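Working notes, beginning with the structure itself.
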């Protein structure tokens, strides 16, 4: 392509993006001075705790009011893990060896148990303190990732075999749906923990907020296994 | 009435269980596939039958606080397509797919769940989530063959469609910011007070985002590549369901949230119709140039989506009926064409036009089905394509878009040019071809089933039309839809 | 016109610009990442109320931040994350097969 | 009450069971004769109603003209099927039955929707007949189907315009969409300019297919022209020009079937003039001419078929075989020649005189004489090659009995009508008060024939020479080339670069948003 054409194309692109940016600026400017109504969130804030039993409103929205979104999202992780699993080469690819110093080895061995405790805490106390299935799951996923980085992929593979990971993932997802089906068996609709008053208990205690802690657990297992599988496949790709 | 949820849950549950069974025993895997397919068919028929007075199913029994699913005739028609195409594709791919067969079936189940979710949900963010679920599984299905071409086409599809879903997410966030709720009925009530400029920007963002997934002309470039490189059973689903669920979601948004008055006032209907005409003229011209059969059918799908866009963007009752009937017809016709090509590929590794020379005499009945489906998709009378095109043209004239109606006929002529080229190649005699694998009944039966549907819906269109005729009641004047969704 | 909204717009269109402008695949994936994060930032901005506390109601607070966009943000993060994971896997595969990361050389599918 | 059209369509389905030739003969004989008998006993005024897609349609309605056309169609269908029975394969025969069945339904239909459906079905079946019949006819089949599809689609557009103007689909409420009906009929009639498909197809396709096609394609066009566009006087002059063009082109041909197809264009000119005068006499003249034309043109095509079947060659020089070795066929050729040039006591003369009597404008009468002069000149050339040219071609195989039978059957009917011109009138209750046998009419009938004989003898060496193929400029092929070029440029533009696709996406977003401001 001639040089002039290249430069013209470059400025054309910049012009495009600038026009879009200015346009959106006007829109946002106009949006600011509109009176915005938030009655749905006011309702969540005022009656959220009584209806779902969970103090952490975000978890109550995520797992009770809009539980279906979380199911959809869990499927997205599962599909991503499945895609990456069939992407990786069948034969074992040696990961590029990263020789960490002895200090790293020792610290990892020491902090792994704390990670487990932290992850579990975040999952179980998801409906009381900030946190929840996703954050806890990520921290749990860090453990196999650290092991893989530290001791190389072959060691971590036989520690936690890929089949086990996809098994865990499957169990997490199926658990989530079965808990949802509990709502139907209890007479009201799918994923109905608040409405079907599954022992809401008094808010603030560990065993409260109906199904939410168990849903949290299921999502935690699923996200943990899923992210570990994704990380391993990406590493094996290399 | 909780079978509406089961339509989304059953494929998901089967996919997860298959994920586990895959590790242990094949026999268990296939038996579960067959059993869940039969139950799913029964469930779909159950929901389609009692869909006339639309029903709402609220997840978690939260009513307007949580997410609601809504089954009305438009979604019932779409479930009918899912019922027809999904069953045939699963039976077809049980022994058509050789590479990654387990993964293919799992991902197809997840995609069906995503599409069923998009079709049933009456909640804006939930629509986005299920859109991502179905798109994610279609990226995976495009790349499942792991050839150079499929990896490249899957990457291009991924980037283009993510580029689109940015704008869909941006529009969803802005709608939430303006209205404070995510339930479609409440949004359309709140949207009455929003100024014109902002409302139409959000509408344009939605149209642009979904436009990429539908494949309207300037945004279509990724689609023929994905058709060329992905496995043929997935092509049937992609042209029959994935493209259609995108336009379904767009129409659901436009007619329910923005309402017909706003659409006509903002002039988007004229833009939509013009865009449809532009799409199929360019798609037909390009289709003529192709030598790879899958790419040719890909361009023809883009053209047919152009007709559907015209039908649905006319804004009158007949247009909606014609458009949705064409969605149903195109799914069936394109499904037959792809399955026949699948059998040719399965038996002779034939995917270029030259390779299928003389197959008319080697597979007489199969080529007859191909000819029937090709004539149907061109829009010649005795078949179903003609009926839906007749309805769309009539609606276009009624709505005053004479140029669009005329160009549809020009489109019919253009599509005849390249389909006839393929048919003639099919019937030119050539030297003996050795068959790599004999296609058995489980491949041929679905093809004949879809082919016979082409003829059946052409001769007796009142069968599907009885379901489709009451679509406009809940789309054109969305007050009815909103009253029911608000628990009226 | 609050400053954070301007930041969101700048981030959004910076991401779009990187996607369009760059020829290198990795940079395109980075661009996608930037746009994702700008949308999540927008979500959080929407839920912000001046002086509001986090939506954990262990005690009675007079003003609480709107929890819904935060839940949506969590979902958007997860979806964005898995999308980028698949993108990276494809980029690795393309690099192994085509030997180049330049988007203009990856042209086996034409016409 | 099953209609002849549906009987033929059902016949096409029954032929699936025809495993061996014997059953094939029985089925086709039953169907063809059954259809003839049914059309014979049809009472005008009977009509059938069905509703489809919330319209009430009349798939079957009989009146005098449609009964007349139906009769001649089933009659010539019987002869054609008989002629080609043991040459054509089972699938070709099915397609022929489908073709005849759909043209019969077009003749008996009462509304535009069914007219369009079966017009397209006719098109599809004839194109597939051409495509699958032999290996060399692929290109012609492609050209034929596309050309006819343009005709069908302009008919559909006319139907839509008329439907939106009048709100009804019935045949007798035609207000809008006239130009599109003209294009559709023009293509079917092979009107000048739209005729390029006919000589090409009729000369390349095997002879028995040409026989079937020549009977129905153009004649259905004439019938539909009567139904939709009767009474527009301008068309009379257009018909005249097209006929004269046909004569000029026919004289330049050296292939038998090309000469015959150009002569179809001329004869159709008579019918166009007859219909577009619009008076009852004109229309009856046109339709009687249609019947006579089917008779003698099919005989001539059958003769050409026999020549090709026996000697395998089809140029004019090879016609010598007729004079020397094929007695019955040469007799039939002579009768057909006399009929086509309008010699009294033969059936051509009868319908030409009706049209001549119905004309008022002097220009048209003069034109008519010129046309019959030209036709007889054309066929004098045909006869000269057949009888007066000594040829040394030998016979590699004898014509089959069924071919002779089909030929003889039609020649006898021709002679019958020639001798007793009133036969057609009392068959259908149309009365024409012309006494064919008074001297003045006979003289004016014979005059053009005599003039043509004299001119032929004088200018023999100009007419009877080998015309080398002149450059044949076909604008439709040029248009197709331009379309392919544009398509090629477009597809080169899709060069697979992701950055280019993304750029297109952003530009569309900009265009969309700019529509807002």
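We just call them A, B, C and D in the order they show up, numbering each chain from 1.
Definition applied: contacts are C-beta pairs under 8 Å (C-beta built on N, C-alpha and C of every residue); 3 or more make two chains touch, one makes a residue touch a chain.
Each chain and its UniProt protein: A = Multicomponent Na+:H+ antiporter subunit B; B = Membrane bound protein complex subunit mbxH; C = Multicomponent Na+:H+ antiporter subunit C; D = Multisubunit sodium/proton antiporter, MrpD subunit.
Predicted model, so just to flag it, every value in this text is computed and none were measured.
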Among all chain pairs, the one with the most C-beta contacts: A-B
Central chain (distance from its CA mean to the mean of all protein CA atoms): B
From chain A, the most remote chain by mean C-alpha position: D
Separation of mean Cα positions, chain C and chain A [Å, integer]: 15
Distance between chain centroids, defined by C-alpha means - chain A, chain B (Å): 30
Mean-CA-position distance for chain C and chain B (Å): 28
Centre-to-centre distance between chain D and chain A (centres being mean Cα positions), rounded to whole Å: 73
Chain C: positions in contact with at least two other chains: 12, 16, 19-20, 28, 68, 72, 75, 79, 82-83, 86, 90, 93, 106, 108-109, 111
Of all residues in chain B, the ones touching two or more other chains: 125, 129, 132, 136, 139-140, 143, 146, 155-156, 159, 163, 177, 182, 197, 201, 224-225, 289-290
In chain A, residues with contacts to at least two other chains: 13, 16-17, 20, 23, 38, 40-41, 44, 66, 69, 72-73, 76, 79-80, 83, 87
Chain D partner contacts - residues on chain A that touch it in the complex: 9, 13, 16-17, 19-20, 23
Residue numbers on chain A that touch chain B, as the complex places them: 23, 27, 30-31, 34, 36-41, 43-44, 64-69, 71-73, 75-76, 78-80, 82-83, 85-87, 163, 166-167, 169-171, 173-174, 177, 180-181, 183-184, 188-196
Sites on chain C touched by chain A in the complex: 1-2, 5-6, 9-10, 12-13, 16-17, 20-21, 54-58, 64, 66-68, 70-72, 74-75, 78-79, 82-83, 85-86, 88-90, 92-93
Residue numbers on chain D that touch chain C, as the complex places them: 491-492, 494-499, 502-503, 506
Residue ranges of chain A touching chain C (in the complex, touch as defined): 10, 13-14, 16-17, 20-21, 24-25, 28-29, 32, 38, 40-41, 44-45, 48-49, 55-58, 60-62, 66, 69-70, 72-73, 76-77, 79-80, 83-84, 87, 128-130, 132, 134, 204, 223, 230, 233-234, 237-238
